[in-house]
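Each of the two complexes below includes chain A, the first together with chain B, the second together with chain C.
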Partner chain A sequence: MAISSQRSSDGSRSYSLYLIPGAIGFILIVLIPQLANLGLSFTAWKGVGTPRPVGLQNYHRLLTDDQFWGSMYHTLLFIVSMTVIPVCIGLVLAALLFDYVRDQFGEWVSSFFRAGFYLPQILPVTVAGVLWGWILNPVGVINITLKAIGLDNLAQNWIGDATYALAAVSLVIVWIQVGYCLVVFMAGLSRIDPSLYEAAELDGANWWSRLVTITIPLLAPEIFVVVLTTLIAALKVFAPIFVITAGGPDNSTLVPSYLTYYHFFTTQRVGYAAAIAVVQTTLTIALAVIFLRFQSQQEAKE
Partner chain B sequence: MAYSVLSDGTTKAKATAAADRARRDPMRWVVLAILILLLAFTLFPFFLALLNAVKASAEYAVGGPLSIPRSIDLAALEKFWTVSDFGRKLLNSVVISLAVSVLGVLISLFNAYAIGVGQVPGSRVILVVFLLGIMVPQESIIYPLYYMAKASGLYDTQLSVIIIFAVLQSAFGTYLLSTVLRTFPKEILEAAEMDGSTHWKTLWFVIVPMLRPTLMVLGTFFFIWTWNEFLIPLVMLVSNNNQTVSVAMGLTRGQNMSDPVLQASAAFLGIIPTVIFFLIFQRTLTRGIAAGAVK
Partner chain C sequence: MKRIARLALALGTAMLMTSIGHAEQKTFKIWWFEEPTTAQGIVWKKALEEFKTKHPDVTVSFEQKTFQQLQASGGMILNSDQAPDVLEYNKGNATAGLVASQGLLTNLDAYVKKEGWDKILNEGDFVLSRYDEKGIYGSGPVWGVSVFGEYVSCFYNIDMFEKAGLKPPTTLEEWVASMEAFKQKGLTPLALGAIDTSGQHLLASLAYTKADDAWVQNYQGLKAPLDGAPYLYAAQTLVDWVSKGYINKDSTGMKDPDAALLFTSGKAPMYVSGTWNLGTFASTIKDFKWGQFVIPTPKYSVGSTGNLWVVPKGSKNPDLAAEWISLTLSPKYQAELGNAGGVPIAADLSAITNPIGKNAAAVFKQISDKSGLGFYPDWPVPGYYDVLNQKDTGLFQGSLTAEQFVEQIKQVYDDAQENQ
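Take a look at the complex of A and B:
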């Protein structure tokens, strides 16, 4: 008894040695910077010299900053293009490919479509930005084409006009995101028993009612995960904005991440930028906690 | 996969049933046509970039972006390659991504060994803390990291980016590998221990060989994620010689607006490596992303 308990405590101690590289890395790269950022959010600092403590002043300023509230509002809109629309399109496509196309045309055709829709998802966002910037700019592909077919008055300054810029960027984001939803949903569907569909079909259920009564309820875990991960991603969307519009025109596509970047590295209002980052982090952690809770509930169910 | 394995009666029955359904369902061509249209919309930008990257500027000026090039003209591709020093950017991306995938997998493996096999006290809490590390926005750590890099002389070195991403991405790796290792057959570990194997030897000679496929998937993921990263390399790698493809692309905005063929070439060159990874790792990627999302 004594020997075995000593052995196991030795064992556990030597196993914990393996945590050392990861723990040092985590402390240096995540924990200290995170705490430092929190600390900085209570100061005024230009990035040189000593930060000057100002208490809650930065947060107070946030409350009345139109740019900040504008960026939060845009985040809400980007949730539509990053979460709501891609999840809906992804669900319909996944169900169609899994439950219809695979039966009618075979596994190969369904995999081909999945791969095709997935491609934009693994493109570096900056490359997607260059590509779409080229298509959407005033002398870009869309306008040239519209003019060529005589629809001159439909041609717009898509990314240079505050009226259209947000919609244009949203379109690019939808284009990027659909593949992610589709792939996760199709993987989820592969664990559903096909005989369910066959039975429903024999009972005369059409494709739409199979989607509503079988696919969506059984995919609930995947839907939840995709919704949460894309919500978290929507909160920190940065690269597409940086590349396509830089937050403009007239701040019409400004998002919190870009605002933070702008204040850190352009205006050098480090403390203020840190405060925005803290708000963003808090929102993200809240979502992450919900996510982890849900996952452990799922595990408990299994 | 599982589909091809089934070759017994049920598959045949299913196949005939499907064929029956196919015959009585004329809707199938409508559905297929809609899907092809959607796919065409999705892939059209890629096609446009290819079409115009190999077009002569004069031809673009006359025929616009939709005309089929009469001859292949690589001048714009060559020009962008030279102007952006693209070969160098590619090399930088490869070096950084490869280093991150090796280092990241190693850190993940060590962490997961302690958590999944060693069951060190507080494993669950440790896992959650690691995971929060990757979920929080990078904006909230970028300035302190930038400051620390400057203070330590690592600013504008590829090493800084490699360390940062190896640590950040190992959060996901730790999570994934811990769940795998938690269900690792105990008998094998006990047998190794009976033979007098140390923890270190068990890890390398028993666990790593068995986990090799999972480790490869994880490494692939780290490689592609790092390849696509933007904010941190943008801040850390200021000099042209150290930049990655992703950063170089992010900074071409507006620069070549006046030359649409050059812009198409830039996009095309940025797309090529992705398409190559995609063709090589398609299965790994699609399966892995699902595994990552739902454990």
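Take a look at the complex of A and C:
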């Protein structure tokens, strides 16, 4: 009861009580392991026994490791397939479902499509990955179908050829990500005043100009959130790569998370794996901070 | 009052005795990662029942693990107080060797004599049981015991061979000729999953056609920088085979199970892989007769004694653990292993009635007797498994030449050799 009597003077302290469970969880599950990881990155360790301090040797090795730089480059490409493409597709689809399908075919059809697009988000990534592995392999459904309809030339070694592997894995990731973007955008659209659209329509604005002039600007907060979360997901992508290609063929789909896993569990270079993880974490945090700054600046302008 | 006191005393004593009794009830913890459907899984389950009957005073607690679980975190488990009394562990420098060198296992030298394992197994069968203080196999104390064997061979479709008028090859030339014959019929002769192990097993098998004793010992023991000549021959041969259509270029998009499916469904006449497929093939192939031929090499085959039974340092019941190992090594369960379609390490062949197990046990004995177990190509270097898989796919899809392939795998090997 003391708390309520001091509410006005002590408001922030009483609220901060609610942060304690989260803070404890954060310290135990995120902060301490991160610090331990940072410590390990300055050692050589085989996973058992005592770590041996080696200073900056692991970081030095990183600079000249082609595999690491290759994996960083692939990360850039995964930002396109996990963030840029799904956000664009998600926006257009959300606007289509909200603004056109719902009006023409009713709420039920629109919800049906929304649920359909969201379905890949519910499936465990590993399950989806195994399924796509079957679909994309040289004797999988895609090639069988292409050959059955006489398009033999289009049948490719999707995940076994470096030319297509990255694109094939990206396709799976886009398929997984679109639903998430779509659902958030549709939720955002529902708070936009319908009269804006009606007015624009009366003024003769077509669907595309309504999307560009009304939907996108008004959805800015949702777009920020979705871009930030998918960007972080892209920087730490692991499961689809692990299940579908294991980083191959010839490392053409290798990403930093998989490289960390590989060194941690198979080459017994735990210190080196830790160093990769440190670089990856630092990059992620830096990007998130820059992004959030940018967002708050934008909001301040408005 | 007196009577009540006496009753209380009796009850108290009884309770005390029961609790002592409970304290004396031993718990024996055992883990393995063989799937329940494999020969080992089936036979060990039976042996475990017998073990339980023999020791009614012991609570036997069995846990099914996965290979991945122990591969990924075995060291940490053995380093904790959660380790069992006996468990199946992967052999090799990077696994059993590592935990042995870190002092996490019980030295089994005393048990080898006491339990008479040296009478059942020959010195060759102990090669992967011994690890020195650096964790390198081949010398030092016995840290684990293997009770089965495994080897890589070529599975072939007997019906397809007979129909084409072919016999299982005994030389490399005959093997190539049989592939050419199938190719002429418009078939891709060899099913292969280059993402998984079969690519590197075929590569190593071909390298062994050019390898002598010194090469194998240096290579597996990480004793010298890699002499790339046998691998260059193997890589060149594979490139050649892909270009001639003996192996499909698209193998780079296939895992072992995909390739195995091509064989089991009768679409491909040959498939190079290990004896761990025996059980599955026996139960899934119904439409044709199949067999195995050993890949024609002068001496060495890809293969090894099987995974090890190891006893963690913290085991509270090492005697029971040794008894368990002896049970699985006994003639009864060795024969059962052969009859379940597995590869027993020391079975009396006449006691095996299952033709698949009998053949596999005989072939294994033949390879083991001439000390022809060349081991697996990824063993010497931790993480080499992934390197070989990645570079194999480069070779198969044509992004790496044979020379580049050897240069790249040599770089990783030499790096590990230098820094060991």
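We take it that the second predicted complex is superposed on the first by the 259 of 302 C-alpha atoms of A that agree within 3 Å, B and C clash if a C-alpha of one lies under 4 Å from a C-alpha of the other, contacts with A are read in each partner's own complex, and residues count from 1 in each chain.
Going forward, a residue touches a chain if its C-beta (ideal position, glycine included) is under 8 Å from a C-beta of that chain, and two chains touch if they have at least 3 such contacts.
Just so we're clear, the structure is a prediction, and the values are computed from it rather than from any experiment.
Asks: Let me test your reading of the model: by the given contact rule, A:161 touches which partner, first (chain B), second (chain C), both or neither?
Replies: second
Asks: Quick one: chain B or chain C, who's touching more of chain A?
Replies: B
Asks: With both complexes superposed on chain A, which partner does A:247 reach: first (chain B), second (chain C), both or neither?
Replies: So A:247 only meets chain C here.
Asks: After the superposition on A, what does A:137 contact: first (chain B), second (chain C), both or neither?
Replies: Both partners, chain B and chain C.
Asks: For A:49 in the superposed arrangement: first (chain B), second (chain C), both or neither?
Replies: After superposing on A, A:49 lies in contact with chain C but is clear of chain B.
Asks: Does chain B (first) or chain C (second) touch A:281, or do both, or does neither?
Replies: Touch status of A:281: first partner only.
Asks: So, A:104: does it touch chain B (first), chain C (second), both, or neither?
Replies: first
Asks: Determine, under the contact definition given at the top, whether A:267 touches first (chain B), second (chain C), both, or neither.
Replies: After superposing on A, A:267 lies in contact with chain C but is clear of chain B.
Asks: Considering only the touch criterion stated at the top, classify A:57 as touching first (chain B), second (chain C), both, or neither.
Replies: Neither: A:57 stays clear of chain B and chain C.
Asks: Can you give me the overlap between the chain B contact set and the chain C contact set on chain A?
Replies: After superposing on chain A, chain A residues 47, 133, 137, 139, 246, 265 contact both chain B and chain C.
Asks: What residues of chain A sit close enough to touch chain B in their complex?
Replies: 11-12, 14-19, 21-22, 25-26, 28-34, 36-37, 40, 47, 93, 96-97, 100-101, 103-105, 107, 113-120, 122-127, 129-135, 137, 139-141, 144-145, 148, 175, 178, 180, 183-184, 186-188, 190, 198, 221-222, 225-226, 229, 232, 235-236, 238-239, 242-244, 246, 256-257, 260-261, 264-265, 270, 273-274, 276-278, 280-281, 284-285, 288, 292, 295
Asks: Give the list of chain B residues in touch with chain A in this complex.
Replies: 2-4, 17-18, 21-22, 25, 28, 31-32, 35, 38-39, 42-43, 45-46, 48-49, 64-66, 106-108, 110-111, 113-115, 117-121, 126, 128-133, 135-148, 163-164, 166-168, 170-171, 174, 199, 203, 224, 227-228, 230-231, 234-235, 245-247, 249-250, 252-253, 257, 260, 263-264, 266-267, 270-271, 274-275, 277-278, 282, 285-287, 289-291, 293-295
Asks: Touching residues of chain C toward chain A in the complex: what are they?
Replies: Touch list, chain C to chain A: 71-72, 75-76, 78-79, 94, 98-99, 102, 104, 194-195, 248-255, 258, 262, 382-383, 385-386, 389-391, 393-394, 396-397, 399-400.
Asks: Across the complex, what residues on chain A touch chain C?
Replies: The contact residues of chain A facing chain C are 46-49, 133, 136-139, 157-162, 245-251, 262-263, 265-269.
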